[in-house]
Amino acid sequence: MLVLQNLSNALILACTYILMAAGLTMVYGVLKVLHIAHASVYTVGAFVGVLAFSRVGNFWVALAIAMLVSGVFGVLIYRSTYFYLLNSPRTVPLIASVGMFVMFTDLLQKPFLMGAYQRAFPAGGAGLPAIKTALFSFTPKQVLILLVAIILLAIVYLILTRTKLGLSWQAASMDREMASAVGINLNQSIAANFFLGSALAGAAGVLVGVYNNSVFATMGDLPSYKAFIIIVLGGMGSLPGAILASLILAIVENFLVASIGYVLPRDSIAFLVLILMLMFRPNGLLGRE
Amino acid sequence: MASGYLLTILIFTTMYISLALSLNILTGYAGQVSLGHAAFLGIGAYTSAVLSVRYEAPFWLAFLVAIILTGLIGTFLGLPSLRVRHDFLVLATMGINFVVVSVFKYVDFFGGAMGLVNIPAPTLFGITFRGGIPYLLLTTAYALFTLLICWYISKTWSGLAFQTIRNDEDASASLGVNPARYKIYAFGISAALAGGVGSLYAHFLGSVFPDNFVFVESIGMLSMVIFGGIGTLRGPIIGAILLRLIPELLRFIQDYRFTFYGASLVLMMLFQPMGLLGNESWVWRQITRWLRTAPQSRKEATQ
Amino acid sequence: MSQLEIRSISHWFGGLQALKDVTFDTSDEILGLIGPNGAGKTTLFNVISGFIIPTSGEVHFNGKAIHRLRADQTVRLGLARTFQIVKPFATLTVEENVLVGLGMPYYPKPAALVQIYRTPVNLEKVEQILSKVHLLDYRFAQAAKLPIGLQRRLEIARALATQPKVLLLDEPAAGLVAQEAEELATLIRNLFAEGMHIILIEHNMRFAMNLCQRIVVLAQGEIIAQGSPADIQNDAKVINAYLGQE
């Protein structure tokens, strides 16, 4: 059943997109600025992950360390820059974000960090079994991605909807001044938001690094750009929208490449979709503001 | 050889002055933040290259067509900008940049990833400009031309209209400005001017490759405009000069050119978001204060 | 000559009905549009001036249907407006702000790309407008730096520069102290005496009652009363609508 197999491959792809986009959506919701430097957090996560794995040998420990470091990195980005620009006109933090992205990308490519070459991330499927049914199958690596994505998304969902912290994010995303007026410590709330969003990006980086057995300095560019497209498709700031959009994008990419081959590379599809979306439905598929 | 290197730097600097000024019309005057300007440089470069290499067109024709065609394409590519603002506009322009580069990379007509080579040096009025001082004269003349256009536009009703869109689109519509029309104008003019630089760029280097025009290059151009002072005439000029020359003068920055660009953007946004020489910047205020008091102190000195 | 006909204007924002079958005529008068918060007054202005296309209904100005026109098109027909929250062009001076309005006839033409705006003739016209609203002293000030009372006057000056037949003023007295409000009322009366048709949204009851010749009262998107100030003040429905707010 080729279609089902394609769909299941798309599902795995979607998982990585979702983790990246979820983190970005969270940050956008509260900050209201496209955090372009998110790409760097993803790459740092993959890098720390592969380094940790080579020292420790255990995938799960490496993942935890990578997520922790990514989270901290994200908070540092917030505290050193966005914190001071919260009340500036929107182009200011946006440009700062671009500046940070450029800076980190350049630094990451230096020999003392990741260098110009890729390195392997041979964690395999972390000991997980493959899933084989009559209709479709998942390799151990794919099972790993599915498992981690589901666990992390569940945790995020719980935090968003069941905790005071999550509520503070929802409040802050609607009206920052009001949120702080009702006693929410904005600084802590936003910092926590960055921590979690960045940790998710780091996790996404690790998973993709393991799946492709390759970690390199510019690995964040395309995924982060697709994450932007996803949050536009999903309607800015909407997590369910982002999840839906990730699935749709992954499916479209997979099927178009499989059937039409390409006049333009697979990645251009996402960009063309973005441009069309921005022209005709700037409020996203689910139509929220 | 050393002077050859210096000349190359100057030639590039003058080209970037033109690029920064052209981007300033779109981003500074009309307020449309674009992270895809390198796409227009590329379209101009490839147009000129294709016409010269495949159709053996004379330089002046290739140059003019590059300007006009890039302007037209820029007008068309400005359409996505009409319905979106701020962050989304930036995303759209990034996307356009990416799609344009992909077209150059994957469509055989443009030479694919191997690019186009053997682009002839320009010949005008019987003189062939093969780099060096003659080429510098060419690029400087174009920079002056761009400066003239920008200056003139700022004095016209369209220049005023651009500023109103940048300030407040609703208010500007209430006074008779059709924001859509003027955004398209801004894209068109800005793209056309960049297209001209593209032609000069291609004929100077003798070859063009898709990766010359990627997103990161667009960031470099935007950095120059913002660093220098967005919306002014002096800003993009100073921004281009400083951001091109500082890495050349400070050896240790050379390998970290983009770190430098990125860091200067961040620092500018934190401390002087209006740019180094923007209207409210610390530097500019010192300069204007000095200009105002200098004649005074001279008068006092003679009394 | 200025004849504005509002015909059964209804407008929905998603599931929320902001305007319900609003119908009235107005011409050559000072008309007040009042009502409690959220009544739909600014929405109605947005419909008339072209910022919103109404879900249903029509607006006719001097016989021409204008409800489908954009804002930059209605101003060309002679309808100018100001905004509830002032929108000065912050980076421009007072003089330049008014010049923008003066350029209204030029913007749609390609000639706008080559015609210089700062000419002695234009500057002279700006001077006249600024002295009419008593802003001449602030001519070279940056618009963003003016206090709100002056910014409101600037907005009116800007609108006047388009040589309108109708002036739609959205809460022009908001944020003004008593003396400023008095000056504003005098200005409005002078403009009317010169032939301007004026419609104003106002929250300040006394201001509206003293100034307007006729009043239309809007509540929850519908007209609940129209008539002279005296009629309105004694109308039970109006009193209820406002009391309900407290």
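In this document, chain identifiers A, B and C correspond to the written order of the chains, with residue numbering beginning at 1 in each.
As a convention for this text, contacts are C-beta pairs under 8 Å (C-beta built on N, C-alpha and C of every residue); 3 or more make two chains touch, one makes a residue touch a chain.
Bear in mind the structure is a predicted one, so any value in this text is a computation, not a measurement.
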| item | value |
| --- | --- |
| Core chain by centroid distance, with centroids computed from Cα atoms only | B |
| Greatest separation from chain B - chain, by CA centre | C |
| Inter-chain centre distance, chain A versus chain B - centres from mean C-alpha coordinates, in Å | 32 |
| Centroid distance [mean C-alpha coordinates] between chain C and chain B, Å | 41 |
| Centroid distance [mean C-alpha coordinates] between chain C and chain A, Å | 47 |
| Contacting residues of chain C [partner chain B, same complex] | 49-51, 70-72, 75-76, 80-81, 83, 87-92, 96, 99-101, 103-108, 112-118, 158-159, 161-162 |
| Residue ranges of chain B in contact with chain C within the complex | 153, 155-161, 163-164, 166-168, 170-179, 181-182, 185, 231, 279 |
| Touching residues (chain side chain B, partner chain A) in the complex | 33, 35, 79-80, 82-84, 86-88, 90-92, 94-96, 98-99, 102-103, 105-106, 216, 219, 222-223, 226, 255-259, 261-266, 268-270, 273 |
| Chain A residues touching chain B - in the complex, by the definition given at the top | 33-34, 81, 84-85, 88, 90-96, 98-107, 110, 225, 228-229, 232, 262-265, 267-268, 271-272, 274-275, 278-279, 282 |
